[in-house]
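The following pair of complexes shares a single chain, subunit A, combined with subunit B in the former and subunit C in the latter.
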Partner chain A sequence: MNESKLVCTNLVKAYGSKEVLHSINLELERGKIYGFIGRNGAGKTTLLSVASGQNPATSGNITVDGMPVWENQDARDLICFSRELSPMNGNGANTTKVKDYLKAAATYMPNFDKAYADELVNAFGLDTKKRISKLSKGMMSMVTIIVALASKAEFTFLDEPVAGLDIVAREKFYKILLDEFAATGRTFVISTHIIEEAADVFEEVIIIDQGNILLTKNTNDLIESVVHISGKEEEIDSLIADRTVYNTEKIGRSKGATIALKDGEEELDTKGYDVSVQPMNLQQIFVAMCGREA
Partner chain B sequence: MKGLGRNIKYWFMYSVKSFLLVSVMMVAIVTVTSFMDADKLDLSGTLVRTAGYIAFSTFILVMVNAFNNISVCYPMTVSLGSTRMPSLLGMTIAQHLVTLIGFLIAGTLIVAAAPGTIKDFLGCWPILLALILIIHALGGLISALSAKFGKLIGMILYLAALIAVIVTGVYFLTEFILTKSSSITILFDINSGFYALIILASLVLDALFFLLLYAFVRNKNIEI
Partner chain C sequence: MNTGGKEDDEMNEILTQEKSIYLQISEMIENDILRDIILEEERVPSTNELAKLYTINPATAAKGVNILVENGTLYKKRGIGMFVSGGAKEAIKKRRKEEFYDNYVRTLIEEAKGLGISKEELLTMIKEA
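So, the complex of A and B:
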């Protein structure tokens, strides 16, 4: 059971002539909560929809427990990608009632826990008689959260689950998520733009930018291995010469840089330099990597 | 085929619900119009009229669902974990069953109104079966073209099919119920070999458009 893995190999996805995922290689291990972060249009939803077998890849392979995911019911039963709902569907307003949507989920998901779903409905105070088109953005997020958690799927993907939720509901979601994780050891992949708030929840972080995975790393290791330095331009240039630099910015004669420490290096050796070294949080690291200010 | 059972369950419940909604609406219409024609219409007339409306709404439902299912329900089933072929198969099987139920209810009402017609109905079952298959072939074509070319084309095709059904379906149904004209009764005189050919041709047509639909959605991205 613990060897369970979802693996994407050389995964490419194109819409017509536009390639949106470029040869993605990614391995998701069982029993971890992954934070999946990227800017708008970076390819997060596309990657989740292809990795879950909902949409086809243009090329490459996706396997779970060694089984191909595409059009394989056994593999798909292990994965739940609870998509962001929309008030509109292919035919106009989305008139599906919440209770009908949950009923459909219970029909299709082999391990769907109806009692747990009811418990979550009560916890979020959701009115299941309402039509999806009549729900607020936050309520739609609650429906996707309930489906994802109650699916009990080994690999559960949530796309922007906290979008539209107020701070109380968001706190409630993180608590319920951690409780469920502690009880089951399922794998969760959570895409979000509210990074700092969720950073403590993520064991691993995956950063995607313009269709490429920039890194997959333990969150604490990442935070400990990236620093921001600032000082005179010549000194900064000298310090960063042989390092991985995520971003630089110039302010007058001063310069700042976001850099990665080398393997085994616990802190930056700045002896002989008059520079300031600051630790960074996950959000700052993400902005440095994907902000493209340099 | 793994996943077919859960698809038949979902699609059958959904199709029955749609059918009941439309049928209740039709029965309500008949009830109101029967009150208005109370001096001209007796019980058997009301039953025949109800049967006509239910048969007609069964036709319409196939067309509406052909357009609706592929753009709304099918993507939802895939997003909830179904693979593509079982979802389409479940949809098709459930719809065929519900159409059959609709025609059986309509037939039962007509027989209740005029018990003498039971022989005619027993005699025309191959035609009824072929008719159901042809209606679904038409529905399959609408689904396939909607999936391939978008909902505008689907809507245009749906309206065209609706007009065709109104013109031909109502004409033949009226002919059969009211006059039993030779253009209908001649169908009961043809030999069983020809019946088999008609059913086979209808089945092939239905299967062909189902496969066309599958070909169009097999590698298509879903959006919900």
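So, the complex of A and C:
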């Protein structure tokens, strides 16, 4: 099982004439926690639903352990994409009780761990007698998280799991996640807009922008390979001339630039220049890469 | 920084965003050794314990611990965990003294230069500090 991988090859998804995922190539290895970040509308949820076989691809392949995922129960059993709950369903208010929702999840997920689900219900202090339509946003997030974790699926996707949670519950979620990860080595893909507090949890980070994967990289390596430099405009221009520049900003004579170090370069050589070099955190790097005005 | 007192208050520094997390992990373990919070031949927290305590990926915690294994501060007892080597405290002090020039003195002199502080003024400041 340690060799298992989830692979998307030239994956395209279009709705009518609108292409939302452009030839995605992505490889998820077992035993890693991936952070999946992108702006609203970048294609995060679409990619997760197509990669988990809940939604057909327009073209391209998705395989897990070499098996195609689409309409293949054996492959789909290895993947769980626990979707955000909605207070409404097709018939109006979603009046399903939480405990019935969890029971249903247990019947269609082959490895669902009922005892672990109960443990998580207690950990989050969730009232399972409540109807979904009556839950707060935070409680709905908890139900989604509980289903995802208790699914025990090899590849587990969580789409904005902490969006409705307060800071204490978010911290609790990440600790529970790390516990489960330490115990099982399952692969998790977690999308979030609250980047900085989760950055250290992610071994790898996947950045998606306008339907394209910008990068998949070890989080530490990414942070160490991007710096911000600032100083007099001429000096900055000369320093960044032959480099990958993600973003620049200017005020008066001063200029700042977010740049990538070259492979094997440990720090920027600024000898002969009077400039400041500062490290950047994941959130700042993300904004520099994806923050251009549309 | 160290509020001291309790038996279990090891590793109580908090992570900052100034420096790579794995470097901070290895420095925090070193600090605890320097302050006798973790003694030589004692077990240090496991990678998973560190991961949960600081809410960080276990691979990052392992990277921090491995720096200390590679430089001999910690050693591995198979199946039990990581332990502080004998003589580690002295070795850490020695290494930090060597790094003191690069980490502190050089930046001090650079900043002084930028401000036009003369060597004599700087020496007076250090003597009076």
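Brief remarks on what is shown
Note that in this section the second predicted complex is superposed on the first by the 292 of 294 C-alpha atoms of A that agree within 3 Å, B and C clash if a C-alpha of one lies under 4 Å from a C-alpha of the other, contacts with A are read in each partner's own complex, and residues count from 1 in each chain.
Heads up, the rule we're going with is that a contact is a pair of C-beta atoms (placed from the backbone, for glycine too) under 8 Å apart; a residue touches a chain by one contact, two chains touch by 3 or more.
Quantities reported herein were computed from a predicted structural model and do not represent experimental measurements.
For the composite obtained by overlaying on subunit A, subunit B and subunit C can both be accommodated side by side without a clash.
Within the superposed three-chain model, A:246 lies out of touch with both subunit B and subunit C [touch as defined at top]. Once the two structures are superposed, subunit B and subunit C can be ranked by residues of subunit A touched, with B on top. Once the two complexes are laid over each other on the shared chain, residue contacts for A:49 go to subunit B alone; subunit C is not touched. Applying the stated contact rule after C-alpha superposition, one finds that A:124 touches neither subunit B nor subunit C.
Touch criterion met: A:224 reaches subunit C, while subunit B stays clear of it. Of the two partner chains, neither subunit B nor subunit C is touched by A:155. In the superposition on chain A, A:109 makes contact with subunit B only, not with subunit C.
In the superposition on chain A, A:188 contacts neither subunit B nor subunit C.
Closest contact between subunit B and subunit C, by C-alpha atoms in the overlaid model: 28 Å. No residue of subunit A touches both subunit B in one complex and subunit C in the other. Every residue of subunit C that touches subunit A in the complex is listed here, in rising order: 15, 17-22, 48, 51-52, 54-60, 63.
Residues 15, 49, 53-56, 71-74, 76-77, 79-81, 83, 85-86, 89-91, 94, 96, 101, 104-105, 107-109, 147, 151 of subunit A are the ones that touch subunit B when the two sit in their complex.
Listed in rising order, the residues of subunit A touching subunit C in the complex are 32-33, 171, 174-175, 178-179, 181-182, 196, 200-203, 219-220, 223-224, 279, 281. By the touch rule above, subunit B contacts subunit A in their complex via residues 2-3, 6, 9-10, 67-68, 71-72, 75-86, 151, 219, 221-224.
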